[in-house]
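There are two complexes below, and they share chain A, which is joined by chain B in the first and by chain C in the second.
Take a look at the complex of A and B:
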C-alpha cells in the first residue's frame, strides 16, 4: 500500500496533538513537482518519544575522535560513557607499531560522588599523568560528559597545564551530552578541536606525493576505508590522511598539504572541509564510495578535478578492471534481490548513500531518513543561507578561521573552480531528497512508533538501520540489516564492498530460518478426520 | 593485542583503564524490564538511553524499549521537570504501558531533580503507575542500579494487606539472565512452594519469534504480585549486591523476613537455596532434584582430573563472581585472581564485603590469591602477566586479555556480546552447574588438543 495524505494523517492522529504537529514537519512524501520540499531537521526530539538518537559525547568522542589510533582518549566523567564508547563502533585500525595503537584501551576518570561535590579537575590531572607514564602517547584527548559542565570543571585549564607539564598535545572537548539535540553537536565540537589543535601543526609544506588527498568523514567501519584506499592508491593518489578511520595524529597534523579533500560523511565533517578551504585554499569534493556507480562516479570526479590525462586514463582502466571482476560475482545476488523493497534509516549520510547500492541490486528504497542530520543533508547546501539558527545550535561555538598567510594557496584558479562546479559536486552537496523517487517517504529522526506504523503500511522486504531497532523489526518477520556496524561484516564500501553487501543482503532474504516462524499446528485443527463412525 | 600493558604494576589513583563495570542506569533498565508491561524511562540526556538500549540489545539480541527525557542545555540549567512531565504524557498516550519506571542519571542527579515531586505533578492516566529509582552513575555500578530499581519496585508497589502472612516466598533473582530466572523458578516450583519472583525478565528478554511484534511481551512480574509480596512470609534475596537492599526495605515496610543467600551458582549455593526453602516451608526436596544433584556430582567426580589444580583468573559482577569462586573451588580449581569492577561494601547497608567473602572461601581452601573489588581489567591483565593462569572466566571484554596472554577463555556474566544462546541457558542450579562444567572443560580440553604433539593427541580424555 502506498502512503497518501489520508492514511498518513490517520497514522499521526494517534499522537497527542502537540506531537503530531511537530512530527508532521519531519516527514515528507517526495513530490518532484513541488519546487523545493522543506523538512524540519536538527531540532529537539520530544521527550518520551522513543528516538534512536544519541548525544553530543557520542558524536564527539564516539564518532570523530575515537578512531584516532595513536591518541589516548580520556573520558572525564562517571564510568558509563567511556564504557559504552569502547570498541563498539567497529572503526578498525592497525599500526606498524603496536605499542602506539591504543584502540583496545578505555580510559575514564570514573568520577565518584566526592568528585561531583568537590570537583574532578585533580583526578583528571592525575589520570593524564598516569596515562603518560603507562602509554606515553604523542597526544591525549579529554572528552567531557554531562556532569563536568554542570559542576564547572575547567578542563581547558587542566589540558593547558598538562601540555606544559608533559610537552605533548593535550586537547579538551566540552562535549557534554546535553549539548545540542543529537550526536551532531558533538561532531561540530570535535571538528573545531581537530582544526584548532591538530591539523596544520605538522611541519610539512609540500604534498608527499602526486595527487595528494585527505579522506574526510570516513571512519573505516568494517574496513571501508582500506577498500577505498586500495583503489585510490592503485590509480595513483597519495592519501595524506583519513579523518578519522584508522586515522593517526601524526598524519592528521600534516593534512594541510593535500590538494583536495574528499568528503564521504558530509554531516559529521563538513565543518573541517569548509575550514580547510578557507584556511588553506583546498576545495572539497563530495564523494560516495557506497555502490558501484557512485564509486566510479566519485573516482571520475576526482580525476576531472586534477585534470591530468594519465590520471583520467588510469581511473578508467581501474574502473573497467574492477567492474569486469565484480560484475559476474554480483549476478547471482541480483537475481535474489531484484524487485525487493527497503527502508534505509541511518545517521547522517548512509541513509542517502546506500540507496544507490540498493538500486543497483534491484531493490527500491521506499523510506529513508537520517537520525541526526541537518536540513542541508536533505535539501542540499543551497538552502544553508535560509536555515534559522535556534537556541540549541547557538550553544555550539562556531570556529572562525582565516586564510593562513604562509600556507594558503588556491589549488585551482577561481575560473576553473566555477567550471568544475557546474559538473561535479565540488565544495557542494545536493542532499538526499533530490535523489529520491516520487511517492517515497523521507523521515527525519524516525522513532519507534513511526517505524512500526510505516513497516506495517509499506511492508518492506528489508529494513536497514541500527542495533536498537534491528530486532524490533525482525520480530515482525522482516530481515533487518544494521548499517551502522554492518552486522559485524564488511567492508561495504568500494567495489569489493558492493559484493560483500550484496552477499549479506541476499543471505538475509534466502535464509531458511524465516520459514520456521509458524509452527505446523497453527493452522491444522487438533481433532481431524471422522469421529464416532464406529470404525474402531 | 593490548600491547601497551606493562608487566610492572604501578599504583594508580586516577581512574579506570578498561572497566569491569558500567554505570547504574543500565541496571535500572534491566530490572524494570522484569515488570510486565513496563516501560523503563531514563531521566537524562538522550545518549544515556541510547547507549543502554544498544548495549542490552547486543547482549540479549532482543528489542529493548526505553524512553528518555531528552535533556537539552536549557533543561540542564532550569531543571528537567517539564521534560519528564511531557515524557510521561507522551509515553502513556503513544505506547500505553501499565507502568513507567523512571530512573535518574548523573545529569539529573547533579542538578538535583526531585523525581517524586515531578511525578506528583504529572498527568498519569487512571490505573497507570509511575515508579522511580535514584541511580546516580557516580556511585556503585550497574549492579547498584539494578538493586536500586528493585528497591523502588518494593517501595512503590508492595503492601502488607493481611493480618497474617501468606505461606509464600518472595524470590529476588539478582542481575542474571532470563535463562537463570527460569531455572530459579523451576527449582522453586519443583519444591512445591508458592512464590513471587521479581523482577522477572524471562518471557521479556528471551521472547519467541512469532512474526508478530509486541512491545510488551507475555513475561515479567505482575504488578499485583509485587504488591502481594508484602504479604509473603519470607524474601529470599539471591546475591547480596543486587537483591539484599530490596529485601531489607520489604522487611522494614511490610514485615517480611529476609534471607540473603548467594546467587545459586554451583553445588553448594544451590544446596543452600533448596535448604532454605525446605526449612522455611517444611517441604521435602523431591527426588527429581536429588537426581539432578547426583548427576552433577557424578560428572564432577568422573572428570575431576580435568580441573584439579588448574589456575583461574575470574572477573565479573560481585554476586556471580562469589558464586563462581565457590564452585571453582568445589571442582578443585584455584581461582588465583578474582576481581569485580563494582566497588565493595560502599552502597547499601546490608551489602556484603566482596573481598572479605571471597578471601574467606579461598583461605579455607588454602588458595593464595589476589582479590579486588572496584578493580579494572588493566589490572587483571597485569596480574596475569605476573602470575599466569590456565583459564580466564568473565564477560566478553575478557577476550582481548585471553588473546593477548594466550589463555583459554570461558564467557560467563554480563555482557556477552560476541556469542549467542547464553541468555537462554542457566548457570544457576544443578543444571546450570553442569553447563559450567561443560563450558570449562570444553575450553581446557580444546586447548589441550590444539597444543598436544601428534603422538600425545588422545582419542579418549
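Take a look at the complex of A and C:
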C-alpha cells in the first residue's frame, strides 16, 4: 500500500494534537512537481516519543573525537557516559606503534557525589597528570558530561594549566549532553575544537605528495575508510588525513596542506570543511563512496577538480578495472535483490548515501530519513540563507576564522571554481530530497511509533537503521540491516564494499531462517470432523 | 585472604560498572505492561537502550524527557509532563518508571512532586501507576540502580490480608535463569510473587502481531499484594539494607525476610530448596533430587580439570558472590574477585569458604579493568568469568573468558545463558571446564615439548599466547 494523505493523516491522528502538528512538518511525501519541498529538521525532540537521537556528548566524544587513535580521550563526569561511549561506534584503527593506539581505552574521572558537590576540577587535573605518566600521549581531549557544566567546573582552565604543565596539547570540549537538540550539536563543538587547537598546528608547509587530499566525515566504520584509501592511493592521491576514522592527531595537525577536502558525511564535518576553505583557501568536494556509481562519480569529480590528464586517465583505468572485477561478483546478488524495497533511516548522511547502492542492487527505497540532520542535508545547501537560527542552534557558537596570512592560498582560480561548480558538487551539497523518487517518504527523526506504523503501511523487504529499532522490525518479521555498525560486517564503502553489502543484504533475503515463521499445524484443523448444524 | 584494595588512582580506566539509571531500567522491564522514561538528556536513554538491546537482542523502548539547555535553567518539569503525556498516549502502559539522571539530580528536580502534580493535573487514576526513582549517575553503579528501583516498586505494596504466597525477589539474572527459578518454584508447588520477572519481556518469542509492550512481567496487583505474603525470599546477600525491598517489606508489613545467595552451585541451590521446603512444608520432588545427582556426577567427572583453574571473577556483586561460591565448590579457586560497585558484604559473604579452603584471594571493589587485569596477572589467573568487557583479559593477557552476567555484547545468547539451579549449575560448570580443556588441548603438545625437551617447568600457557 502506498502512503497517501489520507492514511498518513490517520496514522498521525494517534498522536496528541500538538504532537501531530509538530511531526507533520518533519515528514514529507516526495513530489517533484512542488518546486521546493520544505522539511523541518534540527529542532527540539518531542519528549517521550522514543526518538533514536543521542546527545551532544555522543556527537562530540563518541563520533568526531573518539576515532582519533593517538589521543587519550578523558571523559569528565560520572562513569556511565564514558562506559557507553567505549568502542561503541566500531571505528577501526591500526597503528604502526601499538603503544600509541589508545582506541581501546576508556578513561573517566568517575565523578562521585562529593565531586558534584565540591567540584571536579582537581580530580580532572590529577587524572590528566596520571594519564601523562601512564600513556604519555601527544594530545589529550576532555569531554564534559551533563553535570560538569551545571556545577561550573572550568574545564577550559584545567586544560590550559595542563598544557603548560605537560607541554602537550590538552583540549577541552564543553559538550554536555543537554546542549543543542541532538548529537549534531556535539559535532559542531568538536569541529570548532579541532579547528582551533589541532588543524594547522603542524609545521608542514607543502603537501607531502601529489594530489594531496583530506577525507572529512569518514569514520572508518567496519574499515570503510581503508577500502576508499586503497582506491585513492592506487589512482595516485596522497591522503594527508582522515577525519576522523583511523585518524591521528599527528596527521590532523598538518591537514592544512591539502589541496582538496573530500566531505563524506556532510552533517558531522561541514563546519571544518567550510572553515578550511575560509582559512586556507581549500575548497571541499561532496563525495559519496557508498555505491558503485557514486564511488565512480566521486572519483571522476576529484580528477576533474585537479584537471590533470594523467590523473583523469588513471581514474578511468582504475574504475574500469574495479568494475570488471566486481560486476560479475555482484550479478548473483542482484538477482536475489531485484524488485525488493527498503527503508533507509540513518544518522546524518547514510540515509542518503545508501539509497544509490540499494538502487544498483534493484532495491527501491520507500522511506528514508536522518536522525539528526539539518534542513540543508535534506534540501541542499542552497536553502542555508533561508534557514532560521533558533535559540538551540545559537547556543553552539560558530567559530570565526579568517584567512591565514601565511598559508592562505586559493587552490584554484575563482573563475575555474565557478566553472567546476556548474559540473560537480564543489563546496556544495544538494541534499537527499532531490535524489528521491516521487511518492517516497522522507522522515526526519523517525521514532518508534512511526517506525511501526510505516512498516505496517509500506511493508518493506528490508529495514536499515540501528540497533534500537532493529529488533522491533525483526519481531515484525522483516529483516534488518544495521547501517550504524554494519552488524559487525563491512566495509561497505567503495567497490569491494558494494559487494560486501550486496552479500549481506542478499543473505537476509535468502536465509532459510525466515521460512519457519508459520508453524505447520497453523492451518491444519486439530480435529478431523464436521460440525453438525442445529445441534444443541 | 588478603585485604581488599580500592584502586589508588584518581581515574577509572576501562570501567567494570555502568551508571545507576541503567540498572533502574531492568526491573521495570520485568513489570507487566510497564514503560520507563528517563528524565534528563536524551542521550542517556539512547545510550542505555543501545546497551541493553545489544545484550538481550530485544527492542528496549525507553523514553526520554529530552531535556535541553532551557530545561537546565528553568527546570525540566514541562518536558517530563509532556513526555509522560506522549508515552501514555502511544503505549498505554499500566506502570511507568520515571528515572532521573545526573542532569535532573544536579539541577535539583523534585520528581516526586512533579509526578504527584502530574497525576492530579491529568486526573490519572488507577489505570496507570507512576513510580519515581532518583538515580543520579554519580549515585552508584547499575547494581544500586537496579535494587533501588526494585525497592521503589516494592513500596507499591499495600496492607492486604495475609495470604499463602511467597515473595521471591531476584537480582539481575538472565531470562533463562528466571525461567529456571520459576520452574523450580513450580516443581516445589510454591505459590509465589516474583519480582521482577523479565523472563518473557526481555526474551520474547517471535509472535504475530507485534506488540508494543511485550506480554509477561510481574503483575501490578501481585506487587500490591506483597505486603501480605507469608515470607520474602530475596537473593540479595550483597544488597545494602537501604536498598533492600525485602527489608522494606519486613519493616513495613512484618513479612519475614530470608536473604539468600543466588541459587547457584550445590550449596546455593540446596539452601534455596531447603528454605522453600521449610517455609512451605513441601519436600523437594524426585525430579530435583535427580537433577542434584546429575550435577554431582558432573562435578565429579570434571573435578580433575577444574582444580587446575585459577579464576578471576567480576561483575555485579551478587552474581560474583554466587559464581565464586560455585567455583570454590569445584576447586576453581578464585584469585581475584572484583566488582565496580561499592560493597563490603561480598568479602564477608565469601570469607567462610575462603578460610575453609585456605584460599588466598584478592577482593577489588569500586574497581576498573585496569586493576582487575593487573591483579589477575599477578595472581596467575588462567580463567576469567564475567561480562563481556572482560574480553580485554583475553586480548591482552591471554586469559580465556567465560561470559556470564550482564552485559554480554560480543556474543549472542546472553539472555539464554542458564546458570542457576542444579541443572543450570551443571551447564555453567561445563562452560568453565570446557574452556579450561580447550586451553589445555591447544597447548598440550607445545607445553609437553617445553617441559621434556627444553626443561621449561612452566606448563600452563594461557591460550592465545603460545599459538
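Some observations on this one:
Here is the rule we use: the second predicted complex is superposed on the first by the 528 of 536 C-alpha atoms of A that agree within 3 Å, B and C clash if a C-alpha of one lies under 4 Å from a C-alpha of the other, contacts with A are read in each partner's own complex, and residues count from 1 in each chain.
We adopt the following convention: a residue touches a chain if its C-beta (ideal position, glycine included) is under 8 Å from a C-beta of that chain, and two chains touch if they have at least 3 such contacts.
Predicted model only: the values in this text are computed from it and were never measured.
With chain A as the common reference, chain B cannot sit beside chain C without a clash. When the two structures are aligned on the shared chain, A:205 is found in touch with neither chain B nor chain C. In the superposition on chain A, A:382 makes contact with neither chain B nor chain C. Contact with chain B, but none with chain C, is seen for A:101 once the two complexes are overlaid on the shared chain.
Judged by the touch definition given at the top, the superposed model places A:398 against neither chain B nor chain C. Looking at the shared chain after the overlay, A:123 reaches both chain B and chain C.
In the superposition on the C-alpha atoms of chain A, the part of chain A touched by chain B in one complex and by chain C in the other spans residues 14-16, 19, 44-58, 74, 77-86, 88, 104-113, 115-116, 123, 126-127, 130-131, 145-147, 149-151, 176-183, 391-392, 395, 448-449, 452, 466-472, 475-477, 517. Every residue of chain A that touches chain B in the complex is listed here, in rising order: 14-16, 19, 44-58, 74, 77-86, 88, 98-99, 101-102, 104-113, 115-116, 123-124, 126-131, 133-135, 145-147, 149-151, 176-183, 391-392, 395, 448-449, 452, 466-477, 517-518. Here chain A touches chain C in the complex through residues 14-16, 19, 44-58, 74, 77-86, 88, 104-113, 115-116, 123, 126-127, 130-131, 145-147, 149-151, 176-183, 391-392, 395, 448-449, 452, 466-472, 475-477, 517, going by the rule given at the top. Looking at the complex, you find that chain B touches chain A at residues 1-4, 6, 10, 12-19, 21-23, 25-26, 41, 44-48, 50-55, 57-58, 61-76, 83-84, 86-91, 93-95, 105-107, 110-111, 136-139, 141, 207, 209-214, 378, 400.
Residue ranges of chain C in contact with chain A, taken from their complex: 9-15, 17-22, 37, 40-44, 46-51, 53-54, 57-72, 79-80, 82-87, 89-90, 101-103, 106-107, 136-139, 141, 204, 206, 208, 210, 212, 340, 392.
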